[in-house]
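Take a look at the structures below.
Next, two complexes with chain A in common: one pairs it with chain B, the other with chain C.
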Partner chain A sequence: MEQVIDIVLLAFMVVVALAMIHLRNLFAVVMLSGIFSLLSAALFVVMDAVDVAFTEAAVGAGISTVLMLGTLALTAREESPRPRRHALLPLAVVTVTGAALIYGTLDMPHFGDPDAPIHQHVAPRYIVDSPREVGPPNMVTSVLASYRGYDTLGETTVIFTAGMGVMVLLGGLRSRRRKRRDPASPGSDTGETRP
Partner chain B sequence: MRTHSVLRTSTKLLMPPIMLFALYVQFHGDYGPGGGFQAGVIFAVAFILFTLIFGPARARRVAPEWVTTPMCALGVLLYAGVGVATMLLGGTYLDYNMLAHDPHHGQHLGILLVELGVGLTVWAVMVTIFLTFVERHAQREAAADPDAEEDGHA
Partner chain C sequence: MLETVLGLYNYWIVIVLMMAGFYTVIARGNLAKKVIGLNIFQTSVFLMYITMGAVEGGTAPIVGAGTTLYSNPLPSVLILTAIVVGVATTALGLALAVRIRESFGTLEEDEVLALEHRMDGEA
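Let's turn to the complex of A and B:
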């Protein structure tokens, strides 16, 4: 039964991905990418990875979609039409890469195999020792915040850096005030003809 | 948005539960799914919803720049500071056992503080990015049409 749900969700994801490639209306593409995230969140729930599903639903389906819509408001709603030409080289590259990836999966352990290396490395230790060593009933929190505290610090720093980058690039902080006083400064690239 | 009374009223009704749920996700992460990342995002969603309905100018009154900008750094500093504190207490970096006499209490306190740091940074960065985008848009609209109100809610 679980596998049927998996297959249905994965099939939906393929359909959504194909629709995203075909559509030229970027608003629809953004909405579909939100749906894609929500489908993968559902897939994670089926796999009992509720923490990941939660993050995917909140960040992927929620915030990313809103930020993409914000970007669309600043750019354009339609993708500019590209001249149709036969792209044989890219097609060959994609086919070969896809075939290599599928060939690579042949050697991988089966889906959900308890003997897979990933389940035999540190996972048993976390499962056996984390209630004694760390405490919280949610082992994901133990791993995320305690065993892998350095990684999470790095992730937080990445988010901080992203925020700073957007502020600097999109004229937060002081540069905005300067622009307001001098609207014809070289930094203002609004692309609008001013009255 | 003045005329959309249904949207305005439902936003006002939705905001407290969203924020309360974010706090629940933040502080209940030890016991159920969730943690700082998810909680920060959900808390930011409340502000984003507010901005969509009431405009960036009023949102900036609730989350002014002098709060959100330092908050981005404060979360990371809180996280890194916990590591420095455990070092000063005689342990290694981010060894929460040092924070209390009982290692379990120390771990609990350490995880709580660290997740709080993550939540603060994620919330502040999400609100900052969104408001920067929206303000930029409002600025452009104002540049294209000088008679229009800049904040969009009037």
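Let's turn to the complex of A and C:
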């Protein structure tokens, strides 16, 4: 039963992804990307990764969608139609890469195989010892905050840096916009608005 | 044969999604669309990790009475980190797109390149 849900949800995701490529109305594409994230969150629940599922639902389907809508509000809603003569080369690249990757999966352990190498290394230690060594019944929490705490520290550093970057890039956006609307300001006719 | 297809189906779909994202990044000129393509690519990688961590008949890795078989907690941890970092990079990419649109008045890659070329010619 789980496998049926898995197959159907993955098929939905492919359909949504193809629709996202096809559509040129960016508002619709952003809405579809929210649906895409929500479908992946449902899949994470089916595959027993509940922590990932609620993070994806909150961050992927929520915050990302809001960020993209904000971007559309500040830029354009439509993607311009483009001559199709360049589409052949990317398609060839994608097909060849995809074929190589699929060839690479042929000797992967099958889905749900308990003897796969990934389950033999550190995972048994986390599963057996973490409730005693760290405390929380949720092993994901134990690993995230304790065994791999430095990872999480690095993650917060990345977020901090990205936040700084966004502030530096967008700081003063409103005042620059006001200046552009004012016809007396220099440089408004070329579209060049750097102060 | 059917067993192989069912066992590897998740990976194949992951690769299809990954290539859909890759195609959007390299074939589309709109910068916002490129960021969305990167997001599709990212989600496919998340799915690949979680697929590898799942165990047939296992439960979520939370200690409970009467459960002995758990799915692997490690991919979940790695992907939790990756989701949050992913949204940070998305925000940065979108901010760059907004800034480019502000300076050049367009989000289309070829138009931006043409404008830049013209500016270089004037300078």
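Couple of notes before you dig in:
Definition applied: the second predicted complex is superposed on the first by the 169 of 195 C-alpha atoms of A that agree within 3 Å, B and C clash if a C-alpha of one lies under 4 Å from a C-alpha of the other, contacts with A are read in each partner's own complex, and residues count from 1 in each chain.
Throughout what follows, contacts are C-beta pairs under 8 Å (C-beta built on N, C-alpha and C of every residue); 3 or more make two chains touch, one makes a residue touch a chain.
For clarity, every value in this text was computed on a predicted model and none was experimentally measured.
Using the contact criterion defined above for the overlaid structures, shared-chain residue A:Gly135 touches chain B, although it does not reach chain C. In the superposition on chain A, A:Ser146 contacts chain B only, with no contact to chain C.
Of the two partner chains placed around the shared chain by superposition, chain B and chain C are both touched by A:Asp51.
Contact with both chain B and chain C is seen for A:Leu170 once the two complexes are overlaid on the shared chain.
Annotation for chain A, partner touching more residues between chain B and chain C: C.
Applying the stated contact rule after C-alpha superposition, one finds that A:Leu43 touches chain C and leaves chain B untouched.
Using the contact criterion defined above for the overlaid structures, shared-chain residue A:Leu74 touches chain B and also reaches chain C.
When both complexes are overlaid on chain A, the residue A:Ala162 reaches chain B and chain C alike. When the shared chain is aligned, no partner comes close enough to touch A:Val4: not chain B, not chain C. For the contact definition in use here, the residues of chain A common to its chain B contact set and its chain C contact set are 50-51, 55, 59, 63, 67, 70-71, 74, 137-138, 140, 142, 144, 152, 155, 159, 162-163, 166, 170, 173, 176, 192, 194. For chain C in complex with chain A, the touching residues are 3-4, 6-13, 15-24, 26-30, 32-33, 35-37, 39-40, 43, 46-47, 50-64, 69-81, 83-92, 94-99, 101-108, 110, 115. Remark: chain B residues 25, 29-35, 37-38, 41-42, 44-45, 48, 65, 69, 72-73, 75-76, 79-80, 83, 93-94, 96, 103-104, 107-108, 110-111, 114-115, 117-118, 121-122, 124-126, 128-130, 132-137, 139-140, 143-144, 146 touch chain A in the complex. Listing the residues of chain A that touch chain B in their complex gives 50-51, 53-55, 58-59, 62-63, 66-67, 70-71, 73-74, 133-138, 140-142, 144-146, 149-150, 152-153, 155-157, 159-160, 162-164, 166-167, 170-173, 176, 180, 183, 188, 190, 192, 194-195. Residue ranges on chain A touching chain C, taken from their complex, read 3, 6-7, 10-11, 13-14, 17-18, 20-21, 26, 29-30, 33, 36-37, 40, 43-44, 47-52, 55-56, 59-60, 63-64, 67-68, 70-72, 74-76, 79-80, 82, 86-87, 90-91, 93-95, 97-98, 101-102, 105-106, 108-114, 116, 118-119, 122-123, 126-127, 130-131, 137-140, 142-144, 148, 151-152, 155, 158-159, 161-163, 165-166, 169-170, 173, 176-177, 191-194.
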